[in-house]
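The letters A, B, C and D name the chains in turn, as written, and every chain counts its residues from 1.
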Amino acid sequence: MAILVDNETRLVVQGITGREGRFHTGRMVESGTNVVAGVTPGKGGQEYESVPVFNTMEEAIEETGANASVIFVPAAFCADAIFESLDFDISTVCCITEGVPVHDMMKVATYLRVKDATLIGPNCPGVLSPGKANASIMPNSIFTPGNVGVVSRSGTLTYQIVNELTQRDIGQSTAVGIGGDPIIGTDFIEILQQFEADPETECVVMIGEIGGNAEQNAAEYVQSEMTKPVVAYIAGFTAPEGKTMGHAGAIVSGGDSTAEAKSEALQRAGIRAATNPSEVAELVAETLDEGS
Amino acid sequence: MDLYEYQGKELLRQFDIETLEGIVAASPEEARAAAEQLGGPVAIKAQVLTGGRGKAGGIKVVQEPEDVEEAARQILGMEIRDHTVRQVLIEAGAEISSEMYLSILVDRAEKKPLILFSTEGGVDIEEVAETNPESIVRIYIDPLLGLLPYQVRELVFDAGLEGDVAKGVGQVLNNLYRAFTESDASLVEINPLVATEDGRVLALDAKVTIDNSSLFRHSDIGEMHDVEAADPGEQRAQEAGLQYVKLDGDVGILGNGAGLVMSTLDVVAQAGGDPANFLDVGGGADAEKISEALDIVASNQQVKSVLFNIFGGITRGDEVARGLLSALEQSEIDLPIVVRLDGTNAEEGREILAENTPENVHTEETMLDAARKAVELAQNGSR
Amino acid sequence: MDLYEYQGKELLRQFDIETLEGIVAASPEEARAAAEQLGGPVAIKAQVLTGGRGKAGGIKVVQEPEDVEEAARQILGMEIRDHTVRQVLIEAGAEISSEMYLSILVDRAEKKPLILFSTEGGVDIEEVAETNPESIVRIYIDPLLGLLPYQVRELVFDAGLEGDVAKGVGQVLNNLYRAFTESDASLVEINPLVATEDGRVLALDAKVTIDNSSLFRHSDIGEMHDVEAADPGEQRAQEAGLQYVKLDGDVGILGNGAGLVMSTLDVVAQAGGDPANFLDVGGGADAEKISEALDIVASNQQVKSVLFNIFGGITRGDEVARGLLSALEQSEIDLPIVVRLDGTNAEEGREILAENTPENVHTEETMLDAARKAVELAQNGSR
Amino acid sequence: MAILVDNETRLVVQGITGREGRFHTGRMVESGTNVVAGVTPGKGGQEYESVPVFNTMEEAIEETGANASVIFVPAAFCADAIFESLDFDISTVCCITEGVPVHDMMKVATYLRVKDATLIGPNCPGVLSPGKANASIMPNSIFTPGNVGVVSRSGTLTYQIVNELTQRDIGQSTAVGIGGDPIIGTDFIEILQQFEADPETECVVMIGEIGGNAEQNAAEYVQSEMTKPVVAYIAGFTAPEGKTMGHAGAIVSGGDSTAEAKSEALQRAGIRAATNPSEVAELVAETLDEGS
């Protein structure tokens, strides 16, 4: 097992014919993912990276039985692409594209409540279950199959930490980049729930950053609901208050959303927090040793 | 993207929200001319993209046009929280009977717009939230349904408004919600929203933040952006599509992805260094963009060493390496540069660098080692 | 409320859907003048609120203006399914390369708008649904999200459209959805929607039904209603806010609530009678409304007896009784009237009637007895 | 027990100060219904028929614990009143008002899917559980408590039939007028499900009319899912095709929505159908005799 994507995943790439879509389709295929279709309106009938392209999601799903999608279409068209996925009952939708308008995402998030589906992102690296399926832009080579679940608001920081884990021979069940935008489809808690329920996951790494209070909420959830150990890392201690640090979501809007506040919340909840990426792997190693 | 008060008010007026008459002035002479045009007592208000201008002396009220010039002279050029005042808004007076607070913002946790209203306006809303939380009415909006009539009534009744003020606030709220959605704002805030003696309801201030990601559909708002206001480096970065924030240290930092760059800043600080900036080259950055990014970081005269931390996902290591070499060629940067490259196509990138490494470029295998090296080089370096 | 073709097209044009140039004419002379103004060959189309005008000879195409007068003379005054043609639409010609079908309607079961499209236009869509169901594309719309871009693409791709026609149909669909929602339509249908030789997409016909309940927010559309077209009784009923449909029998029927009145019609038919009309006085009908309703029913010269079946919920029996007496006084109706009154305040109503019953009014306890009595009176009666 | 409203019902009347609202509030109170509040914006603090009036639903619910509502506000404001009820978690909402725009109702119906609530109507007589609660404009005097559930698209026709039942000493568990508009909050099937689950209901009377195909769908449901007997009556055999017969919903739009088609569907499903209102009561009496 794993969460969100696994051996049963039949992936469709929305926006397969764009530069990034094509590049990462190739990488996802190379990672052994069952990429069954691509969708780009007007390019139906073509093939990209040996994957058949369709004009619409409906057609792609009818012809190939796709059940998960990864979105590379330009930001202006992302909400539409997400609605298209949801309306044809794709169960896991990963929106990689960054720069999706916040008002579009509020509508998507509201619509999601009537759908039995998980949206990851936008502005995220996607989801990867090593050795099973890669619906992401994460470099497959740094992953190795195992029992640590990874959930993160940040993309490259996730790679950094996964790399540290792999170098210590600590494998991953699934890595989920939930994205750092102000409005995202799925928060920490929903992913933590899934890891808690996944028999293959023994320990979870949670990677947060400044902005919002998702880490604080997650800390409370971990303390009250989770039996599996969680190791956390928060980035942004050096970020000046009130400055935008790249992610639109990483705005320090008040005392509550600073790295310090998040770190304190983690400590209060009894969660081990690392001070740098390497230390995350050390703490995970310790945790797994204790558990065995 | 934050709008100046005068720009925010321009936007509110487009959505039928009444403000006082006002004219922007960039010099004491323009300020006086504006005051004469408006007539009567006027307020002279510093236009800066930060709060606290009142306490800093950035707002003055004068009775006579001849006093305007002197007041404007005092405000123009003033530094308020690192922001230089380059313009003032000269605004007509009004007979105010009460001050209220009204805002709409994007609530991250609920994933919906949130309306905040209080009859205690004109002061810091966070202060009101602490001292008198009962006075703040909170209403969440379903973004698919929009603001419903019952919600407007609820705000008005919960706040205990009556008569003309109730009606006026209701109208402003409907208009402000339109402004919020149709302009793709992440925040619209009117503090104070005032009721006048003659029963009108006006926006006396306006704080508007537009979602940068939406600017492709708001070219008119995008054009409002006042690039002169920013640091020259921040200006260049913005034009190049790079996320850059200048800080006070001497270790220049660039990398890909906000989280990794933030983490790099933290690690540099832990290693005893002092970050000179935050620069995220973003996903899929090509050689040209990397070159421009490096140039922006190096053009900060405080920088004594540069740490370049790349972990490739969308960004490919070979492009990063080529970008780095190309940037070095073009800009003749002779600062010490520590490069740490990992992830997608990292090996190809490292090979490219190995073949062409200039003398001032050091490569390190790990992020921690790279941080330590960059800090060491900055401490030993000079410029 | 159904719109005439020319009204429907006016509405479509307001939403940027292209139609052919056309002029409405009420006489052969006006028709000829219109044709001369348009120039070239024209179509003369009967304006009636019913289908099947083509088969009935209600559409003629003529090449020369001098032939228009004769053609219009033949069509004007024509009876098409009980509708008298009082106006014709004179419409310019076009070079048509293909005929399609497009409609949006309210789907009761799904509680959503439903879009229907077929490349087989110009014929009865129900026929297409039987002979070639595959050719009909169906798309449901979430009323809170509206028509999404992907749904437009889906329609275009599913129907196999390409090039200019694909683009044109997509634009028409977006505009038609706006027309549908912003006009509160229950049906907008374009059959045929045509592609011209020069690549444009035009609405060659328009069938638009506006939700009567929405007319309070569409005064412009409400004014379009052509009361002259209806039966005089139906006209009066509409003005009085009553639901009245004239039928061919001799037992006049009125009651409160569509279901009860329909059931009364059925029971009268089962008793061997022939209903002369359907009239629902609606909920909360007062004396004046009842009086008007009775007068409308009695003014149909075929009616030989009247059955008045009231079961009070919102409508109160005392008001019904007073209305009945008041109507009888005002209109001096001497037809036999069978009254059956039950429900809210029925007792008070029966008392009022008992005290004042005119000779021609019979009361019955049950609906079945009342129906039998009314049928008997109609069969024995004369007028 | 009963369905939708019962002894636990705490009713709020939206639009209590209007002519009809006030009149029927009096009647509902007389029927022994626990009418705890009324709402009319701007009339808060007043009393109508001894019921306290509030400005907003939120206030009414906070102060009185109302859990069901009945709506008499003008058609133009009904959607807003329904949203207000739903947003403050009223579980049963009966919209009596007729003439609510169809487009408003499509939005309401879509919104209902994310709410755990039942909307009855609009353009309906409401819901009445004899001896327990009356959230309706139905004349209480014709009802008597018992074990027959009644569900109907028509108002006055329901009274007619209930009256026939009562005259034969056949009591009712609950009578529900679902309304005859093209778009209504709750269809036959959802009410049939509730009657099927209600221990107090032994037999159900279903009253349909021309237009739509709700009766056909209900017939299928009865045949495949229900254990309790159903007696049906359809009005509109004499209605000419294509003519509007009062209810906007009662439009004969094709062969499927005629009274004949509905009647045939009932017969196919083995449901007893009466040919006139009196016969309904006869068939119910026979059915109950057979059952006992």
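Assume a contact is a pair of C-beta atoms (placed from the backbone, for glycine too) under 8 Å apart; a residue touches a chain by one contact, two chains touch by 3 or more.
What you see is a predicted model, and the numbers here were worked out from it, not measured in a lab.
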| Which contact partners do chain A and chain C have in common? | B, D
| message | With centres defined by CA atoms only, which chain is the most remote from chain A? | response | C
| note | Between A-D and C-D, more C-beta pairs in contact link C-D
| note | Here the gap between chain B and chain D, centre to centre from mean Cα coordinates and rounded to Å, is 55
| request: Please compute the C-alpha centroid of chain A, do the same for chain D, then give the distance between them in whole Å. | output: 47
| note | Expressed in whole Å, how far the mean CA point of chain C lies from that of chain D is 27
| query | Among the residues of chain C, which are close enough to touch at least two other chains? | reply | 142, 144-145
| query | Counting only residues that touch at least 2 other chains, which ones in chain A make the list? | reply | 107, 111
| query | Connecting every touching chain pair, does the picture come out as line, ring, star, complete or other? | reply | complete
| field | Sites on chain B touched by chain A in the complex | value | 106, 108-109, 111-113, 126, 142-144, 181, 184, 186, 211-214, 216-217, 243, 245, 247, 255-263, 265-270, 275, 278, 280, 282-284, 310-314, 342-344, 366-368
| note | Contacts from chain B onto chain D in the complex sit at residues 142, 145, 148-150, 153-154, 157-158
| remark: So, in the complex, the side of chain A touching chain C is made of residues 41, 44, 55-59, 77, 80-81, 83-84, 87, 107, 111
| message | Touching residues of chain D toward chain A in the complex: what are they? | response | 113-114
| said: Under the definition above, what is the set of chain B residues touching chain C in their complex? | reply: 144-145
